[in-house]
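Please find the structures below.
Each of the next two complexes has chain A plus one more chain, namely chain B in the first and chain C in the second.
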Partner chain A sequence: MKWRYFLFQLKAFLINPKNIGLFIATVIMSLYFSLVSVPNRQVIEQVDAKPIGKEYIDDTAFLKVARQEIAYSKKPGYDYIPSKGAVDAVSTYPQVLSYDKKILLAIKKKAWDAYAKYASARYQYIDELIFVEGNQNFLYPAAYNQNDNFKQDGHFGYQRTYHLYNALLAGKKDKQTELNKNILEERTALQVIQNSLSGWTVLIMVVIVCFFAADIVTNDRKYYTVLENIPLSKRTILWLKTGVVEVGVLLDFVVAGIIALLCIAPRYGLGSLRLNTVDYLGKINFKATFRTETLGMYYLQFIIFAIIISFIFIRLTILLSIVLRNEYVAGMLSSLFAISAKMLYFSLGMGFVYPFLEKWPMTYFSIGDSITGNLAYLMDAPGWGFTAGLGPLICLALVIEILLFLFTQIKSIPLVRRGD
Partner chain B sequence: MLKIKDVTLAFGKNVVLDDVNLEFKQGEIVGLVAPNGTGKSTLINVILHNLTPQKGFVEYENTRYQTQKDTIKLHQEICSFPEQSDLFPFMTGRDHLNLYADLWHNSEKPVEQIITDLQMENYVDKKVQTYSLGMKQRLCFAMVVAADSPVMLLDEVMNGLDPQNVALISQMLLKLKDENKLIIMASHLLSNLQQYADRVLFMGKGHIIEDLDNKKQNKRYLKMQSTPETTKLLANYDYETLPNNLILVPLEKIEQDKLTQLIASLVRADIQYAVERIDIEDLFNKFYD
Partner chain C sequence: MKRTYFKANFTIARKSKKNILLMGALVLFMVLFVLVVEAQNLGDNYRQWRSYYDSLEVNISYFDSSLLRKQEYKETYDNLNAQEGCIFSLQNGEVLSDPQTYLDGSITLFQTMLDGYHNNYLGASTLNVPPKYQLHQRLVTYKYLYHHRIPAVMNSKASATYLIYILNFVAIFIFFYILLISNDVWMVKLDHDTVLRNIPYRVEDEVKGKTMINLALTLGPLLIGLVGAYLFAGLRNGFRSLNYPNVFYFNKIIAIPVWLDCLLFLLYTAVLVVFVTSLTLLLNQLTKNVYLTTFIGIALYVLTYLPAKMLKFIVWLPSAYLNVNDVLNGTVASKTGFAGLNLVTSGCILLVWSFILIIWFRYLVNKGGIAR
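Moving on to the complex of A and B:
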């Protein structure tokens, strides 16, 4: 009985010019992402023999000079205090150069697990020198100097990198997931999509969901007398329409995902859901904590959040379109709600200052940020991840459901009016 | 049985339905007749619960519109004729028929049979946007038939149809009546109602001003055009003149010999006359000056 109605609505949804526009926009964005953005993506910790080799030569030369300077200062009768740079170099460079040598050899032999092992140790060692010991012979890469938070960002970046290398190495050992250069640089399709599914990218996807849902109810006024007295309850109609938007959204994003995979995978490889990745849990007992999980687990968590969040926004937009009787205003208000956290309070340390933000569902709308731990880092608030986000999101969904239930009980509020 | 009990509905000070009481039985075709804006569509909308009366209620088979569940139950029993401008232009006629058949759980009447009966085979699989007005109108009617509900509300079903299609749909209406459907149709096509309706309701000033049993119309009238000569001839007779200058002389009120005299006088004066029952068009002219 409802199947034909569902199909009817789905067909109407799929040939709606606004929705076709959204489909095209998503495809264009996916193509841009895959063909322009990904190839030009800046990998800060590149697996590249050239800069490492150059650094190796420079550091070896500097070490030689530093050793001469120390030797000079030790000559009897000379009252000469060697520079701090020279002292530090003598004590630290041999270790770094030893790592560099092994790393260069690993690259040459394409022994990627050896690379991961020594690069991880190197990043950990240098991070300790810069961040803990304040050694000025080393600096984090300049690419971290983007958010006026150079030292913290660099520290976080190095920690994440060496934890990632350790995780990948553990994965190779446990699950036989072979490593390669693209995997280490997180360039494979599944890795690059993982790293991109956060921030504005996801929020734009949520806005697309809002606009998909905006006229799903109000559009019925075009077919008013055909649908006016059908023997279905308002709630059934809304559930079927929700299903239609869910299918449309799924189709849209699956197509976008397939485009991205087809464009990226031939060039950089597909990657594997069994590959390990890391998510940042925040500072626990003053120690930055990273957890190893598989890409498959990441995507599972992402999909769970995506289903809940898209459901929330479809139902919220439907609710607003019934109450306000205007699809454009409903779409706009839902979209503003979607980006509210990003606009209002996504900034450094806000979680530390306002811990209650953890309970706000808006905190989790950008999905990837919370699942990867970027949110915990940005807000300086441990634990603002998948588990923390489930409660507020489900509560919000329930509130919207209660409101929808109440509004559908009021006879004076029909789903559509002819004159709307 | 469909009951409309003490229904009063007003838009502001304009009382469109004023304490209306009606009962409809299954297996009859009921015509609703009135000039535009007199409450036909309002009455249909009250039956469908699209408009809630300030007083009174609608009841079908002991169920009234009280809860959402009741509304769905009643809408399962009552199907109304959609407007052709509201059809989905990008869907086919068959899509529409299947939709209504599915929504109303029609498993008895195959959609294919309806398509054949209404001679829609040539176009039913094309998109509605390619249809002429008449084709769309036939589709709207076919959708109600596909719903196969016990009560069918048809608002101006014959609009835009050529005589062949009017005849086709009329035949279908008789078939539906034989299937014990209650068909309530608002129409301006009075001759068609005259032919097929069992009962005709004339509406005006919020009331049912005449509830005509169309099948039991035995009264005969002497009909002629009003002229000074005829009025002079009829000076001693009981008659009424309709706004369209038609004079109706009820035969039941004239004695046989007087009638013979009158007819002889009319023949002598060369005045054309007819002996007929009063038809719906005459009544329409009578009620809506």
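Moving on to the complex of A and C:
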């Protein structure tokens, strides 16, 4: 009986015009992402010989002028103080130029290991000069500026690139994952999807889950006479309905994922789950700390969060549709709950001021933000990652389950009424 | 009969749980969002200035220490130094509590920032300079403040500045609110065909009635929300004059008092309600599904996010005019390159589309009836 009921519900779910609309919408979004958004994505640290070569020529010319200025100041009988820019250039440019030369050679030879090694050292060196020593001969690229805090944003960007290149090099040594230009620019399908699965993208996916589940209970009004005397308990019916939505959601997102992979991989490569990536842990002892993990581990954490969060939203929407007896209100309320954190407190430094936000489950609904550590950066406090999020999410799921249990115990509240 | 039928329809719409939730959420959001503005310092001009000043300093230092690497950077260097001078001047006004000096300094600064675009700030790669049209918007606002001797408010939490903040915010998504209110506008008729079939009511009257209902369900909560927002923010953070300016575009960017801005916003929203009602009537009749009606409506709005070069080819579609904020502040005109696209022309385009959609809807109803 259970199996037949499940199949009946699954069939009704799959031919529901609303769900077909949601499937089509997801496919269109996936196509837009892979064919428009990804090719136009701005890579800040491009592996490109042209700008590096131009900078190399410019810096070499400036170093020459700076050396002349210093020599002039040292001439006996001249009371001349050289400019700070010239003094700094003489002490720092030779090192930077030496890195640039090695980087240009590595690009020419397509020796990506060497590129990663010297570029990483260069980022670390220049970051130290700008952030620690306040050297004004160098600037962070403007594209890092996300939060009206360009020095912090630039420092975070350079540190992430430095740690990422080191992590990729370590992966090459340990797991023999070959490097190439697309991997270094994080353009391969698995890397670009990893970087995109956060913020509003994930929240829109959660809203889609809410609307998949919105009418799963109330739709039974259409088959009221058929389902009225079905020999299944209310809780069993709700579990079967939850399973149906889970299958539908899984199907929808797997299809969207496959489309994205098929569109991106031929152009930029698939990447590998064994490739290393980095996640930010926060400032520990005043130092930006990054942890290395594989893309496979990242996706595993993402899937665990995704399963828990989609379960939460399916059950929450079902609970709301039983209590409020209105599918639109249920869908809208759970959607509002999904975006509440992003709307209300996703702003630089909020976690430092209000540390209790780390315990709120809404903080983790955008998934990628917490797993990559970008949330720890935004909140300006360590933590806010996978392990910090598991507790609040499981607690929320349990609260919803308890409420569902209580409501299904009340006989005067049927799943659907004839007059609904 | 007409009056009774209209009343019955209005009661159904007013008592719909979905509509109650939407109206309640809109009013609460408009009134209480000031708490979020306070907590996150949203729209804090001081913070924005500090950030800009920091990036200005760094870029000037970069040019200083690099001994003006190239001669073509000199124009940028001079401009940045002039900007720094203006910031000192407005800071003097701030310290000495002299609003006119502050405003004078700000106006000169905006003009200097606009001048910097002559060579596109060549060499100042990390300067956080706002886009040109935003500078024009700020310039007209500060000129208005200067001429009307209104002290500038440096945050968005005082009564008038919060009203401007929330008005600009709500104007971005009010289309979605109307769409959700209206997405089942014709479904009542389709769902209760046998009961309603023989009521002597013409399609034109149905359209008028539904439009009136949606106007009431949209403009009522909006008005309550705007008044509530002004009062609540005023009680918490002090009242400011309703003559405080906001940016408005007609044939050029100008500043108008916020009370007039509210009126124009409500007027344009009323036109938008007429359009969305006719759109949802047609989509309900075509798809017989509330969700599909909503998704197609959303798809129409999403078209506004096409790149600017593509947007100019779809100016004849209603999509570009669904974001009220973009219409009122001139972003539509700026993005498409058609200077004539203002509140009036946008409203006319939406009304023409409403007329076409209603004709189509009437044809479908007369041809196929309303059976589901």
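By definition in this document, the second predicted complex is superposed on the first by the 419 of 420 C-alpha atoms of A that agree within 3 Å, B and C clash if a C-alpha of one lies under 4 Å from a C-alpha of the other, contacts with A are read in each partner's own complex, and residues count from 1 in each chain.
Keep in mind that, in the parts below, a contact is a pair of C-beta atoms (placed from the backbone, for glycine too) under 8 Å apart; a residue touches a chain by one contact, two chains touch by 3 or more.
None of the values given here were measured: they were computed from a predicted structure.
*Asks:* Label the relationship between chain B and chain C on chain A in the superposed model as either fit or clash.
*Replies:* Overlaying the two complexes on chain A (C-alpha atoms) leaves chain C and chain B fitting together cleanly.
*Asks:* In the three-chain superposition, say which chain, chain B or chain C, touches more residues of chain A.
*Replies:* The partner with more contacted residues on chain A is C.
*Asks:* Go through the superposed model and pick first if A:18 touches only chain B, second if only chain C, both, or neither.
*Replies:* second
*Asks:* Contact-wise, after the overlay, does A:223 reach chain B, chain C, both or neither (first, second, both, neither)?
*Replies:* Only chain B; A:223 stays clear of chain C.
*Asks:* Angle at chain A between chain B and chain C: what is it in degrees to the nearest 10, using CA centres?
*Replies:* In the superposed arrangement it comes to 80 degrees.
*Asks:* With the two complexes superposed on chain A, say which partner A:233 touches: chain B (first), chain C (second), both, or neither.
*Replies:* After superposition on chain A, A:233 lies in contact with chain B alone.
*Asks:* Looking at A:347, would you say it contacts chain B, chain C, both, or neither? Reply first, second, both or neither.
*Replies:* After superposition on chain A, A:347 lies in contact with chain C alone.
*Asks:* Applying the document's definition of touch, where does A:133 land relative to chain B and chain C: first, second, both, or neither?
*Replies:* It touches nothing on chain B or chain C.
*Asks:* Between chain B and chain C, report the minimum C-alpha distance in the superposition, expressed in whole angstrom.
*Replies:* Minimum over all C-alpha pairs of chain B and chain C: 13 Å.
*Asks:* Which chain A residues are contacted by chain C in one complex and by chain B in the other?
*Replies:* Chain A residues touching both partners: none found.
*Asks:* Which chain A residues qualify as touching chain C in the complex?
*Replies:* Spelled out, the residues of chain A in touch with chain C are 17-18, 21-22, 25, 58, 62, 65, 83-86, 88, 136-137, 139-142, 145, 148-151, 154, 211, 324-326, 328-329, 332-333, 336, 343-345, 347, 350.
*Asks:* Quick one: in the complex, what on chain B touches chain A?
*Replies:* Listed in rising order, the residues are 48, 50, 52, 68-69, 72-73, 75-76, 78-80, 82-83, 86-88, 90-91, 95-96, 98-99, 102-105, 143.
*Asks:* Considering the complex alone, what residue numbers of chain A touch chain B?
*Replies:* Interface residues on chain A, with respect to chain B: 1-5, 8, 11-12, 15, 222-226, 228-234, 409, 411.
*Asks:* Can you tell me which positions in chain C touch chain A when the two form their complex?
*Replies:* 17-18, 21-22, 25, 36, 39-40, 42, 47-48, 51, 54-55, 58-59, 61-62, 64-67, 69, 125-128, 180, 184, 287, 289-292, 295, 299
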